[in-house]
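Following are the structures in question.
What follows is subunit A paired twice: with subunit B in the first complex and subunit C in the second.
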Partner chain A sequence: MPESSGTGRQATLKVYRGTKDKGEFQSYKVPVEAGMVVLDAIHYIQQNFDPELAVRWNCKAAKCGSCSAEVNGMPSLMCKSRMDQFKDDEDICVQPLKTFPIIKDLVTDVSWNYEVNKKITPFSPAPDADWTIYQEDIERVQEFRKCIECFLCQNVCHVLRDHERKDNFMGPRFMVRVAGLEMHPLDEANRLKYLKDEGHIGYCNITKCCTEVCPEDIHITDNAIIPLKERVVDEFYDPLGKFIRNLLGGGKKTKASVQPVSITPSK
Partner chain B sequence: MTEYETREHDVLVIGAGGAGLRAAIEASGQGVSVGLVCKSLLGKAHTVMAEGGVAAALANVDPKDGWETHFKDTMNGGKMLNHWRMAQLHAQEAPDRVKELERWGAVFDRTKDGKILQRAFGGHTWKRLCHVGDRTGLEMIRTLQDRGVHQGIEVYMECTITELVKDGDKIAGAFGYYREDGRYILFKAKAIVLATGGTGKAYTITSNSWEYTGDGHGLAYDAGAELIDMEFIQFHPTGMVWPPGVRGILVTEGVRGEGGILRNSLGERFMFKYLPEATRNDYAADEAEAVTWVNAALAGNRTEARRPPELSTRDNVARAIYTEVKEGRGSPHGGVFLDISYQDSDRVKKKLPSMYHQFKDLADVDITAGPMEVGPTMHYTMGGIRVEAETQMSRVPGLFAAGECSGGMHGANRLGGNSLSDLVVFGKRAGAAAADYAKAMPTSLKIDDKFVNAAIAEMEEFFLRKEGKNPYDVHKELNKIMGTYVGIFREESELAIGVAKLEELKAEIKKAGAKGSKAFNPGWHMCRDLRNMMICSEAIARSALSRKESRGAHSRLDFPNTEKEWGTKNSACSKDENGNMKLEHTPLPEMPQDLKEIFVKKEPVNA
Partner chain C sequence: MTQSQLTDLPENKLPTSNDVPAYEGTTERKDNWWVEPALIAFVFTAFGIYSMFRAFENNLYEVGPYLSPFYSPNLKQYVPWFPLSPAFLILWIPLSFRATCYYYRKAYYRSYFLHPPACTVGMFKGKGYTGEQSFPFVLQNLHRYAFYFAVPVLLILWVDAFNTVYYGGAFHMSVLTVVMFANCILLSGYTFGCHACRHLVGGKEDCFSCPKNEQKLKPAFQAWQLVTKFNERHQQWAWTSLISVALTDLYIRYTCVDPSLAFQIF
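Then we have the complex of A and B:
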């Protein structure tokens, strides 16, 4: 027999309701069940009090990256934010991502990200490539490809969040994407000029805030951004060094061989 | 009159999962103008959640594999009710489609000799599932998405189609709204590909998301297409059962593929008891043989040992778990135990990272240290829009369907991994055929204003029902009916009650109302979704009531045997002149002799 799932507890959620121009936090009392997550509480509100409450979600299992929000100031996936991490009398404040324009309630306009993505030169293997690839050669690329496009990293990066440089800076998510392409053993394109002149990788000053919020534990700064920055430096500011390194170890791949830090699940 | 935007494309693809994206890429590659519509953001469709892998007989790990065996496994898994030609095309073309994904940038796990690695899965004779840890769907959708955005496909995100529009008997377009602000939009199109996925939201306990309200099924039905095999609903044997908020969330079959063991509360490895006679010989005879198989698999070696009984087909494992629980040998929260913790913990984390996190974060269970609790969850809709095998066109000219919303490919039960391959094989075919069809159509078609006005009126009416019922309450009632009367095990009397209750609920659906504005209003959206869910639920219940035998995922307590005569019939639901559902039994296309010879064994007895 399933044991009773109620905890007898009630939580108070303060949820942002409104649009870009006008809105307020509305309070709701929600009964807490064992193992409940914030997204469950939002669904409870939707089903019982307010079918109009706007929220995005799909998988409810931290796989699709739809349900990003700021929960008590912490950018997180609502489907992964447990209710039992909050104290009994603590209000739980749920608001939309700050970096993107609010459409309604918890839903923001993230279309900018899709525009950035379009500008990145796609995967470009040689037509006669040999598709024998060893696991050790793709370990790092696979780390980058874990990205679920939750845009939490974009949301916390100060260049986008505080300085509003969406006109100029691609943000951590797309540096991860470029890293995944540049470090693919069979890719032949060169995206370094793009990184420097359009993506403005130089704006990143390695604060690592992006890495801290990534729900997929991608080492965004250490494994993606820093090696890319080194490549850009090599290409544009240290041509002699690049020449010598190329002589010693051959083209593109040598420059990628910064050792990745170990990938131990931390959360 | 309410205003609306109009867009025109040669081919409109509705749905941006694996099937829709692959269709759009193919069609646009043929030089026609392509629009792609989806309810969520791009890249968030169901396909992103797929975990275990994509099935293709590449024979990288087990060199004896080949399309014939894949074909045979698929037909056996589907209890011979599959459309043979679809199963054949699928088995033959899947390897090329997977290699193509790799050429487009997908990075699959590798074998020691640098090829795409393949793992074992239920019902597959050989190790056949190409995978990336347990996030294969993410790899696939991202690859297709990144390929698609550079092809000039016009993408309409967060846009829901509510109506297909015809000119005479031909498809001429589709009507819908943007979720963001409720703006209406009319698409004029010569050909439409439906790739909208399944109907999981008809049930409470499901691995499916809010998107799975059976829209494509409903739209096609209303436009005159047939829905076949709707009684076959796949209950995946292993969903999470605890805590309540995660009930139904999938635990990938990859856990069993990697050697996961099922036990009941007495510690018995019960699956040995539930192997059907017809396939018993394909599985290990005892624990020792199962252990030999797992050890060889872990070491990457070949073995003569047969696979563990946990790798029986899904319908069978789901029934076994249900029975164990019902007979009082369940786990504390009404499931059974699935254990992989006997293996090296680093390896488990490496091969099943998202399962590790899912249990750790959501259930406080460390799967490397102890067993998981699992039970059946509604997972996949085998039934769907009847299409022609080569082109995926329905009986409505210009209307194509691919992926989970189409029917025929999987028969009475889908094998794990056969969906992702289905998406790319038939997505490509549908895209190509839709482009051809559009190119052959010289003039643009006419859309009568009255259709558009009616479509607008339907959406506006929800706001006029001032004292309208909460659509979520109506949804719960629908779920309750389906869960109670049309669940895993079925019976004449219960199904009849289910059908009657659904009939009554139709009136309630007409009372569901919306409040507030049209801006991103999920309640309003749900009002319309209910209609599609009702069409699907009715088709499921009526088809289930009519099929007086047990076969694959359809288990009748009152007709426990698989009957030969039912093996030649599909249930087909369509709309009659009065707008009521008509159910027919149509003959299954007969397999040619050369394919019949692939089956050494005769028809499977009851599984």
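Then we have the complex of A and C:
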């Protein structure tokens, strides 16, 4: 960065240093440049004080989803957290995602998410599908495709974070994925039973923290989770509606119930 | 009931928690995260106390053509044996509609149940949590039934408002009439932005323009788009209509005491 962009300010960063079972916060003083983000400050620490500080990042453009951390207690992308939002005398606390096991310093092990993902029946179009798709039908799904898998939503969700229901709850990111598949105009699979009995969509109490932290501004709760909850109601909690649908017959596309496919890593 | 496991966690392969979390305790947030839930709890409680007071009061709810929304429709004439205030015959409908509303659920899970009070503020921990998966909160899934009941009640409020415009063979207008119409508009914006409504009118479909659906689902698509417009501001509609319904009732209560307060224009 050119010297001239200096602001003459200094920030104090308190950064978590340690592993899964031992750690502490260390303070560093970092000069603040114009347009600087927290990830820049972390890089400054790496370059000037401690090259061993572990941090995961790739794009520095809020697009790869690697640099997720908690800045002053709020889950955020470090490359999207501007330094000019903090007061001069403020300690800026940077710590790893709380919900996932720490590997080292700011790097966490998010592999649980990939395991959950494998359980979701992938996109299943009919063999003879007509691939003409209209914008109005795909728009809803396109919102969900913006996901960069930063797992900030998984991290903030109290079901995973405070109640540690990783054994039974898929988390918002994967409800977003399932919503994108279930609402896809060409998809033929039915994931509603999976949503209710394995992903336990019912654990979500729609308190919207996932939506608050999503850096891609996906309306996770309003556009993915709640519409899925309503579809689960159609199937399991609305006897009257089901009765009427059966009476009228047809109408809605009846999706075949497809069993989850086990995914083997591609060679 | 055996619950199927989401991931077959291999021992020691997918550790799910930190022995030493980067912090212990409730939260690391430094902002005033408690202000919003506290404010919401305060307004809810105030509204709850006021509406209960009004329901029990069983008086000062009807004057001339004006009928309070807390007492409309007035079913007293059909069930004269009903021992309590007639408000109770009707209040359970808007109450259950709002209590199971997706927005209000968010608000009171945060403000009353503190689950969680604000994001990353972990007041309650522990694996026992099942959210809306089991009793009693599984009943939230019946929200669409509450919607079915709420729509006719809303229509009756519109009729009530029109009844203050045309009566005794002539047209009338008053400030109170304007307030009643404003209340109906806000309640309609709230009711027709409902997530269950959004689902039922079209959200449940996967394809509006596929050849087999094209003709049939055009209206569904338009309805879904319209409801989505209201739905995007569901929270704002929820608050404004909650406050307007209480203020409309309060206005009618005082008009019962002093009818000139209706400010009859003609």
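Going forward, the second predicted complex is superposed on the first by the 236 of 267 C-alpha atoms of A that agree within 3 Å, B and C clash if a C-alpha of one lies under 4 Å from a C-alpha of the other, contacts with A are read in each partner's own complex, and residues count from 1 in each chain.
One rule holds in what follows: contacts are C-beta pairs under 8 Å (C-beta built on N, C-alpha and C of every residue); 3 or more make two chains touch, one makes a residue touch a chain.
Note that the structure is predicted; figures quoted are calculated from it, not measured.
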Could you tell me if A:K98 is touching subunit B, subunit C, both of them or neither one (first, second, both, neither)? second
Just checking: does A:E235 make contact with subunit B only, subunit C only, both, or neither of them? Give me first, second, both or neither. neither
Between subunit B (first) and subunit C (second), which, if any, makes contact with A:T207: first, second, both or neither? second
Does subunit B (first) or subunit C (second) touch A:Y134, or do both, or does neither? both
Which partner does A:R56 contact after superposing on A: first (subunit B), second (subunit C), both, neither? first
Please write out, lowest number first, the residues of subunit A touched by both subunit B and subunit C across the two complexes. 109, 111, 134, 184
Listed in rising order, the residues of subunit C that touch subunit A in the complex are 3-7, 9, 14-23, 27-30, 102, 105-106, 109-110, 115-116, 119-120, 122, 124-134, 137-138, 141-145, 195-196, 198-199, 203-211, 221, 231-232, 234
Residues of subunit A touching subunit C in the complex: 16, 18, 20-23, 70, 72-75, 93, 95-96, 98, 101-102, 109, 111-112, 115-116, 119, 130, 134, 136-137, 156, 158-159, 161-170, 182-187, 197-200, 202-209, 212-213, 221-222, 226-227, 229-234, 236-238, 240-241, 252-253
Give every residue of subunit A touching subunit B within the complex, in rising order. 1-3, 5, 19, 33-37, 40, 46-48, 51-66, 80, 82, 103-105, 107, 109-111, 114, 117-118, 122-123, 125, 131-135, 138, 141-142, 145-149, 181, 184, 265, 267
Contacts from subunit B onto subunit A in the complex sit at residues 40-46, 48-49, 99, 102-105, 107, 109-110, 113-115, 132-133, 135, 138-139, 142, 146-147, 149-150, 157, 180, 209-211, 241-246, 249-250, 332-334, 349, 353-354, 356-358, 361-364, 470-472, 514-517, 519-524, 526
